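Below you'll find the structure I mean.
Labels run A, B and C following the written order; every chain starts at residue 1.
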Amino acid sequence: MAGTKTNAGRFFEDYAVGQTIHHAVPRTVKGGERALYHALYPARHALYSSDQFARSCGMPFSPMDDLITFHIVFGKTVPDVSLNAVANLGYAQGRWLAPVWPGDTLRSVSEVIGVKQNSNGKTGVVYVRTAGYNQDDTKVLEYVRWVMVRKRDINAPAPAEVVPNLPKALSLGQLHIPDDLDFTNYDFTLAGEPHRWGDYEIGEKIDHVDGVTVEEAEHMMATRLWQNTAKVHFDTSARPDGSRLIYGGHVISMARALSFNGLANAQMIVGLNGGAHANPCLSGDTIRAWSEVLDKADTSAPGVGAIRLRLVATKGGDPFKLKGEDGKYLPDVLLDLDYWALMPK
Amino acid sequence: MAGTKTNAGRFFEDYAVGQTIHHAVPRTVKGGERALYHALYPARHALYSSDQFARSCGMPFSPMDDLITFHIVFGKTVPDVSLNAVANLGYAQGRWLAPVWPGDTLRSVSEVIGVKQNSNGKTGVVYVRTAGYNQDDTKVLEYVRWVMVRKRDINAPAPAEVVPNLPKALSLGQLHIPDDLDFTNYDFTLAGEPHRWGDYEIGEKIDHVDGVTVEEAEHMMATRLWQNTAKVHFDTSARPDGSRLIYGGHVISMARALSFNGLANAQMIVGLNGGAHANPCLSGDTIRAWSEVLDKADTSAPGVGAIRLRLVATKGGDPFKLKGEDGKYLPDVLLDLDYWALMPK
Amino acid sequence: MAGTKTNAGRFFEDYAVGQTIHHAVPRTVKGGERALYHALYPARHALYSSDQFARSCGMPFSPMDDLITFHIVFGKTVPDVSLNAVANLGYAQGRWLAPVWPGDTLRSVSEVIGVKQNSNGKTGVVYVRTAGYNQDDTKVLEYVRWVMVRKRDINAPAPAEVVPNLPKALSLGQLHIPDDLDFTNYDFTLAGEPHRWGDYEIGEKIDHVDGVTVEEAEHMMATRLWQNTAKVHFDTSARPDGSRLIYGGHVISMARALSFNGLANAQMIVGLNGGAHANPCLSGDTIRAWSEVLDKADTSAPGVGAIRLRLVATKGGDPFKLKGEDGKYLPDVLLDLDYWALMPK
């Protein structure tokens, strides 16, 4: 009876629209996780670095970095959603709904909202809407993700195709701004840059200049910290070439942290409109980042503006190049992320 | 007078049965150590991941991982016990006697309980019983370990041979179950697997499937965190081949964390019956693990059963292979550990 | 308008004597930072390891390691002081003025106290006095550092030369001893060594014996944790040979931690008289350390003596060798640091 107790992961036939999956292993996050985040990424946004600065913005103390919340909520879904995934295809409709504080305990629940068998009959696309909850059952994050999953039995019949309608971007009304957030006393000197929301123009592009060469030990520590168990990140025998694929979220956090240089005041991530992991990232790659202002919106919170940004991570090449003439991502592009952040006006 | 103030470590002649050694450098452990543990190992047992889950099991919040306690208590003994050790030969009679909570301060005390000179006259075996205490002088852990230690002077006379009688396993009555532990409201969904104590059979073997390729930076960070100072783990000039030997406890923690997949509900380690570090582990090795159910015992704590497990870590080869026809460990076997854990019934 | 929002760093012409620079991104430090420090360095000084031990020395609990304070205060100055630095030339007049406790928030302010253009006309030396403050605006640390900085325009006129008068060492009266520090009940067994202040002689040298081979992942994690953004530490494309230069402070912390073996009771760093990063340190180097007692001074605090130490880090070679016949540091010398520490009498 060896092996019967281990999790082999779900295959395409195991998903059905309407299914709810309660993911395992809730996680209490505290200052230790935050310190590690700041050791693994050059994270410097002041709201997440200083309790004093957070208080000057109306919060009781620094919340956990928004991407810590994302990684933890995401990590819990891996054993149920992406253990047999061939590819992580996209994100949409990501909303941060409440700050996560040191001491909070997070758990994740996913609902299957779409299934579509591929024409090759060997794989299918599964769409899930995942929500993260804290210990008070307050929803702190939700997002849609779709993945390509292997079929267990290629002869299994195709399910009725359901593809959710996913808008390209969140509207301003969908963004949640924490109740007490107030940027009217914002200290631009302590924050590191003088550029206000009003100083950014739609279409503006920013080269974040700095680069970080990534190491195996770092991405594995990060990925484990989020309790993400996908074999390809840890085990050199899991991929034919013996390389360990770096968790896409590691690239997201690295690029976001690098974007401080030029976007130091894009403090709080509140919406994830979409994202693509364009090419694999491996140890030894030097990650760089550039951003493009896609949209802006005013908010009713005191002193707070919203900015929609494209964040692109690369492993080389010229900044501001994204796709080739064939419409495909250039080989040096690692990430193309579309998110909303809050800035002082 | 250079060098006279540094610790050269004890040699075989320096130990005598009945000696008590108060080990240096007490350590306060908090959430930071826990976060690092969860970054260094794919640790997912819910009792140690979520304060909420721990409360549902009768505890005030998550205790420190049992192996954190082991590593810290062990690490303190290294400068006094194993700085000149040739080999760490075995463990026995290990008992976790009280949970360690964030904020507790641990110190270690060892008593020499046996000495036996080897026939070559150059080395001897020293047996110590080590206890870890918290700031209230409550004993939190005790275990016996024996090591082979060099003589300073090969002409020194052999001491009277004392070899302690060490039973192969702890009996149920020797296991300490925390007072308020209660698994009657255990949430198997949040814990990650449905398998109860009653679902495991003596003789059953489980391949834990996953593997982790280990890196120098990781094992050194772990070993330093436990304030273990053995040169061979850190200094490429300490061994003839220039490799850094990975602390055996790193392999124990990695294998235990990997065993989640199939033993997610073997929550709490309460006894260490024995253990052997069968072969050295080096950076680049991919650690895998398998377990065998050696014994089971019912307990009087509500909903709590005890399970005795063999945990084997390998760096390759087929699972479930342990020793060759010559009775020796196969070259790919890293660890053979025998422990008692508590599970929900 | 790409790139106009990123920080290109100051050049030599941008500094003027009397200028005050308020550095960005305050940082709240807690147990997570401490745990990481103890994972990255073999730090074992008992005052910083155990809340109980700290209480026995008159403190409410363990303060943050003195070098954590230094690294955080220093790290904040990098974007403003050393982003275009060619070399970090020296330190002087460093004084720790108040313990930093978990939960404190640190920020840094520098005053330019000297400028001197080099005869080549391409670079100049800038002297700054940097102070670190906590959330109550208490000064916790101050030190002078001077760096060689590139000119933006080599035709820019040289400023009036101002070179501050910097004494070679702090006097006893300049050292700040925390109010309640009391070593009269000092537990030498728990601290790890029996050697008191009175046991050290001026001129005495100590080989700290142990070595640590350093890894890329470790020094980058450390340097990021201090929010030090200098490109050369992270980006293999920043230096012609593709190597990542290890932050000099990483070598300081490694050497200080190694000095435990022989100086376990040199608990608290209170003064930095001077320091030179003699040669670059790279991943793969094995750091060793030796110390020389330069001076001693009695203090009025109960049981507390002050000791002035030279701490030398090397990457090989014989201990106690510092400079060649040409008066230059030998190629294996990494660090020559001169500091005051407090010890039990």
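Following the convention adopted for this analysis, a contact is a pair of C-beta atoms (placed from the backbone, for glycine too) under 8 Å apart; a residue touches a chain by one contact, two chains touch by 3 or more.
Just so we're on the same page, UniProt names per chain: A, B, C = L-erythro-3-methylmalyl-CoA dehydratase.
In this text the structure is predicted, and so the values were computed from the model without any measurement.
**Q** Regarding the chain A and chain B pair, does the interface count as same (over half of residue numbers shared) or different (under half shared)?
**A** Shared-number fraction below one half, so different.
**Q** Quick one: how far do you have to rotate chain B to sit on chain C, C-alpha fit, nearest 5 degrees?
**A** That pair's rotation angle lands at 120 degrees.
**Q** Please work out the Cα centroid separation of chain A and chain B, and write it as a whole number of Å.
**A** Distance between chain centres, rounded to whole Å: 36 Å.
**Q** Residues touching two or more other chains, restricted to chain C: which are they?
**A** Chain C, residues with two or more chain partners: 30-33, 35-36, 215-218.
**Q** Please name which positions on chain B make contact with chain A in the complex.
**A** 30-36, 38-44, 46, 49-53, 61-62, 189-193, 195, 199, 201, 204-213, 215-218, 261-264, 286, 319-320
**Q** Can you list the residues on chain B that touch chain C in the complex?
**A** Touch list, chain B to chain C: 1-3, 5-7, 22, 24-28, 30-33, 35-36, 79, 103, 105, 107, 135, 215-218, 220-222, 224-225, 227, 229, 231, 234-238, 244.
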